[in-house]
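Next, two complexes with chain A in common: one pairs it with chain B, the other with chain C.
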Partner chain A sequence: MSATSTFPRQIVKPPAARRSFIERWLVGIFLAPTVLGMALFTFLPIIASLVLAFFRWDIISAPQFVGFANFAALAQDPTVRVSFLNTIMFVVVAVILQLGIALTMASMLQARMAPWLRVFLRSTFFFPLVLSAASVSIFMRYMFNEQFGVVNWLLSLVGIPAVPWLTSPVASAAVVVLVYVWQNFGFSFLLFLGALTNIPKELHEAANLDGATGWKQFSNVTLPLISPTVLVASVMAIISALQVFDQPYVLTNGGPGDSTRTAVMVIFESAFQQLEFGKASAIGLILTVLILAVTALQFRLSRRFVFYQ
Partner chain B sequence: MTSEETPGHRPPSHSLRSSSTLSQLTRRSMLGLAGIAVAGATVGAWPRLTGTDIPGRGSKALNIAILGTAADAAGRQGLIQAFTAAHPDIPVQLQAIQGADWKDFFSKILTMVAAGTPPDVVYVATEGAQLFADKLAEPLDAYIRRDGDEVSDYFGDVHPSLLEAFMYQGSLYQLPLDWNAANMYLNTTTFAQAGLDRPKDDWTKDDFSATLKALRKARPTDFTPYYWTNRLFGGVVPWLYANDTSFLSETKAPGGDWLWDRFYPNDPARATRGGGYQWLTPNAEDGRVVETFDYLRELVAEGLGVRPESGGGNALVGLFGNNRIGTTPAGGYWAQGLHEAGMTADQFDVQFFPRWRTQRHQFGAAGYAIMRTAKDKDAAWEWVKFCSTREAMQLAIPKPNTTPTRRSMVNESFYAATGPRHWKVFYDTLDRFPTSGPIPAPPQQAAVETALMKNVSTAVSGSSADVRTAMGNLQRDLELALRRNS
Partner chain C sequence: MSSQILQTGTDKHSGSTTETPASPKGRPVRRLPAAGTIGRYAALALAAALTLGPVLWTLSTSLRTPSESFNLPPSFLPINPDFTAYQEVFKQINVGLLVLNSALVTGLIALGQMASATLAGYAFARLDFRGKNAIFSLVLATMMVPVQVTIVPVFMLIRGMGLSDTLLALILPAVPTAFGTFLMRQYFLGLPNDFAEAAALDGAGPWRIFRSVYVPLAVPGMAIVGILAFNFHWNEFFRPLILTISEQNFTLPLGLVTLQGNLGTGSISVVLAGVILSMLPALVVFIFGQRTLREGLTAGASK
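For the complex of A and B:
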């Protein structure tokens, strides 16, 4: 018998209670910064915002309880109404475009292609996402300037007259969507690329043998197999699009008229420009409820459309 | 060999516990403990960031906030040194706060107020004058009465219209230091190409239209005869003023005699002076307002003027410098900008804004406001008073990147390096057109500006019928805006 074997293992271990105490203590230490940070910068503002929605507060004077007056005022405010309608329209168009382009690009990259070209395109599509939305929007604002922008200059070369990209309601909404989608589709693209890579090749080979090619193979084999990723990508895209702010704020400042004003823009204007923090909180609360409702609806629908292997 | 090493010998229990606990402190545990130790040592040893490091908190220095960058703050070091030499007992801390525009700057100041770290003194432009006067600023009346002899030189050198812009309900809240009227800048290169001379002082709106048409004829493409922006200063308002109207009804509060009687007894417009401007009701559906918007709509429709976007600033200077713009409204602040963009004094000039029913001009100004929460208001007043002296203003405004409020500083030598040739237009605006008024900015300025900007673009982009619809919307939005508390 060796010397070490004379010591039973249970003797080396500390008592379970003490071990448990140390572990809990360390877990607590490791988690404390995150928990504290979230409590201070996430949960506390959420609670404060909930409470503020029932007050009138301009920062300078003391808050004044007004019950549901802020919510009642929102119903009467045409700007708020229009901004929510704009946001919903934006979400519908931008998310469909974002997911559609991302899926198309990811599918194309899965096809036969030189590896270097695949790497190049993957980086290129993802690159806009790492740029600041404000910087991109400032740059795009110059590009789409009616008189001096590059876009209209290029159009003039083929005889197309100048388009008021940022000063007509329809064109400005289109530019906001375009800039947003251009900058954000890279994330969905990466998700789809990962999902497509994980589909076993045998399944596509079997489908080919059965005569299912092209769209038939995509809709009956590929799409069901990546449907969980489609769900995740669409949930994230919708939540992000519902909170769109930078692009319309910098490109058009919500105009012309209210044609590109979004819900988050109205929250910002109400709180930090017009000092109506109660109203801003009430709008924020409604937007949160809207986001939760849309997400819940998506998960509910996913039971019918999402296929888990 | 020690007893503990003897096979079969059971070591003492305390020793066993000790070694077993250490064996349980694996890499993760050790990392945790090391982290705690490092954090503890760091917290204990470092001169860490505390609440007192936030400007304005825990410091006895007079905290002054200006709109600008760190470079702007550095540019005022000479001013601070001069003040410190005159008042060694008053330490001063200048805080430059960046903002896209005045509205953005005011939002940041209000956030500082909410955070409990308000500055003692804030440089406030006309856009925020009534917001500050209504909610945040200390009236200067008592100080001016007390130190009237010291500041009489300032009042003797500054046009009363500029001071009236900072009167609110009979009290004066700021001593304006710089200002700019919305005059008309002319690109003389493009004027020469069109065979045009500098227009006469009393040129009319029709003369202006004819000028734009001539400019367009000479440069059919890649050129804008009239560039204007969608904002409170230099946008639609100068045209409304020229047409003797505004989108808000303008009245004057009673009071202010204490100032006018003492410092401006010989003012030709003394009878019209009051206790400050009031913008209490919307006036967007007034016939002249509709007429003005329709005129601007026609300019856009005929390709003589741009559909206005919000903003302006540096990009506009570049376009003007490249001869891609014929005319644009701007103030004295543009002289230095155009000079730095490479334009020589003979490549641009300035003229009064065209006459319509009147030739009333719009202007904006700025000066220091003392916050009601200032730690030492007397010290703050010393700063305000010092900055209004000629010596201080020369240090603060060494170049024509704005127009000094002191008439004596607006002279040949000030514009010698930059132009324009007719620099006298800047101050003459106030003398020739004494009814010239400030940017219409009630305490609810942010909401009012948003309402105006969003309806201007739709009003000038459609048909004549669309103008009336847009003015109806503007009226409704202004009613909502003016109902707000602030």
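For the complex of A and C:
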């Protein structure tokens, strides 16, 4: 309360030095939780990961420098090779499906329809995004059960014999893709919906007058206009698909054999089941480089191929 | 299921298009819109059914008695609800504790992110200091590093701090948020400067300007950060799988996956009852915060 007596003096003219002193303290306090937290829980671990990739360490005995031996071992390791191939196959198929379905649905919602129907459909496609991938995989695993699953029951209604969804290498990979896409296409859908809604109506009207309708209008007018969003949606979808873990872990645990084992699953298994922390870090580094490469590609492509940005 | 319904969907579609060339002289333009509309509604209905079907099946099956939960034909509508599975899941696992753990972890992460992102976002948007752009770029750069890459050193760090197998092990590393900081910075940049000048003229210091002028205005932005954090961490599986060891520290998704492993395919309605229970908070977010969540999720794409 004694501060009140000095208060008026400060109003008239706050001493510049004093003010900047306070502001400097404020900056420090404001940044501390985020910046120190990141230094501790992100930057330090990144550096540690970089270093660990060149060591052999089982957490019990002392770490041992092995140079590039971890990376050389990865190239020889059939499980690692298969898991990276699986991951890339998964990314290609899942991203194409995810973007294709999302763009189709978002375009279809552009047509004239009752507002409640549009809101209902948008909410429906959005809904799986608020669920946990682990829970989704739990109920999907029951649905794809070979003997009692609802999927094979529906197939039997049209005379298709039971598919061994979770025990055949190809079918189990397909299930992981389907479950992943089921949950995630809504995200790309939202991005496309936003972009399509922002296209001025006049452009479509002009295209109609020029006789460009249907597919022609879509490929020549709509697609170029939303190409920035298509690029961003693709990159976000690729980066998140590269990190797929929850679905294969719960649905198939990587099996049968290694047919659904992904890169992140091998990181998890190397580190926390085989206690090979150096190997896990090396795989993590390769994954990071892949993600950085996709991001770099985005920057290059957005300069060259995207119109109207 | 998918392929069966997909086929009927494409049948309708191709059926309508094959009709068009059947009248080569007439103008097909007049017929096309109707056929196109039917095809479009068929495709939308199919997609909606495929999206909602699994959730409805999960709900209906959780409301069957455990012994007949895997009987065929399956049920998609809960006509004769039976709540045995819901009682049983509380006996099989400590649902109360799982919910408490999940709520504590998620709630504290959300609050921590809202507070730290608001502070840092304000500093980056409205305060001047040396190296501001460089530090902000570093913060943003952390978004490119996937959590799976840092998890091994984070695990060791947590051990070194004596926090292994505690809920704090899940909470602390998740509080600093690059995306939340980015969102709050954008939010503060969008607020006019006049308020700060007016408040300064009235004698408010930098802290008062922040606390009494800008924080109240930034509540909608903080809501986005909070709801995004809630949605992500309530559903999170990878970090709890690694950072918690004993079942007393499990969160809901981890507890449910463990339950599924223990029960096998014996009484699936018990597991599904747990799944439905774990969805309830997400459903609340979906009903009351859908718009906020949509804004937050898509904000990253338009930076």
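Quick note on the criterion: the second predicted complex is superposed on the first by the 279 of 309 C-alpha atoms of A that agree within 3 Å, B and C clash if a C-alpha of one lies under 4 Å from a C-alpha of the other, contacts with A are read in each partner's own complex, and residues count from 1 in each chain.
The definition used in the following text is that a residue touches a chain if its C-beta (ideal position, glycine included) is under 8 Å from a C-beta of that chain, and two chains touch if they have at least 3 such contacts.
Because the structure is a prediction, the values reported are computed rather than measured.
Asks: State whether A:155 touches chain B only (first), chain C only (second), both chains, or neither.
Replies: second
Asks: Per the contact definition in the header, classify A:38: touching chain B only (first), chain C only (second), both, or neither.
Replies: In the superposition, A:38 contacts chain C only.
Asks: Could you tell me if A:97 is touching chain B, chain C, both of them or neither one (first, second, both, neither)?
Replies: Touch partners of A:97: none, neither chain B nor chain C.
Asks: Determine, under the contact definition given at the top, whether A:80 touches first (chain B), second (chain C), both, or neither.
Replies: Touch partners of A:80: none, neither chain B nor chain C.
Asks: Quick one: chain B or chain C, who's touching more of chain A?
Replies: Here the partner covering more residues of chain A is C.
Asks: Between chain B (first) and chain C (second), which does A:173 come into contact with in this model arrangement: first, second, both, or neither?
Replies: So A:173 meets neither chain B nor chain C here.
Asks: Would you check which partner chain A:292 touches, where first means chain B only, second means chain C only, and both and neither mean what they say?
Replies: After superposing on A, A:292 lies in contact with chain C but is clear of chain B.
Asks: Report for A:131: first if it touches chain B alone, second if chain C alone, otherwise both or neither.
Replies: Touch status of A:131: second partner only.
Asks: Between chain B (first) and chain C (second), which, if any, makes contact with A:22: first, second, both or neither?
Replies: A:22 contacts both chain B and chain C.
Asks: Examine A:59 and indicate which partner it touches, taking first as chain B and second as chain C; both and neither are also allowed.
Replies: both
Asks: On chain A, what residues does chain B touch that chain C touches as well?
Replies: 11, 14, 19, 22, 26, 29-30, 59, 142, 145, 148, 272.
Asks: For the complex, which residues does chain B have touching chain A?
Replies: Against chain A, the touching part of chain B is residues 5, 7-8, 16-17, 20-21, 23-24, 28-29, 32, 35-36, 103, 107, 110-111, 113-114, 135-136, 224, 227, 230, 306-310, 315, 319, 324, 444, 446-447, 450, 453-455, 457-458, 461, 470, 473, 476-477, 480-481, 484-486.
Asks: Can you tell me which positions in chain A touch chain B when the two form their complex?
Replies: Listed in rising order, the residues are 3, 6, 11-14, 18-19, 22, 26, 29-30, 56, 58-61, 77-79, 142, 145-148, 164, 166-169, 253-258, 261, 269, 272-276.
Asks: Within the complex, which stretch of chain A touches chain C?
Replies: Residue positions touching the partner: 7, 10-11, 14, 19, 22-24, 26-27, 29-31, 33-35, 37-38, 40-46, 48-49, 52, 59, 101, 104-105, 108-109, 111, 120-121, 123-136, 138-143, 145, 148, 150-151, 153-155, 157-158, 160, 178, 182, 186-187, 190-191, 194, 214, 229, 232-233, 236, 239, 242-243, 245-246, 249-250, 264, 267-268, 271-272, 277, 280-281, 284-285, 287-288, 291-292, 295.
Asks: Along chain C, where are the residues that touch chain A in the complex?
Replies: Residue positions touching the partner: 1-5, 32, 36-37, 40, 43-44, 47-48, 50-52, 54-55, 57-58, 61, 70-74, 112, 115-117, 119-120, 122-123, 127-129, 135, 138-139, 142, 144-146, 148-157, 172-173, 175-178, 181, 202-203, 205-207, 210, 231, 234-238, 241-242, 252-254, 256-257, 260, 265, 268, 271-272, 275, 278-279, 282-283, 285-286, 290, 293-294, 297-298, 300-302.
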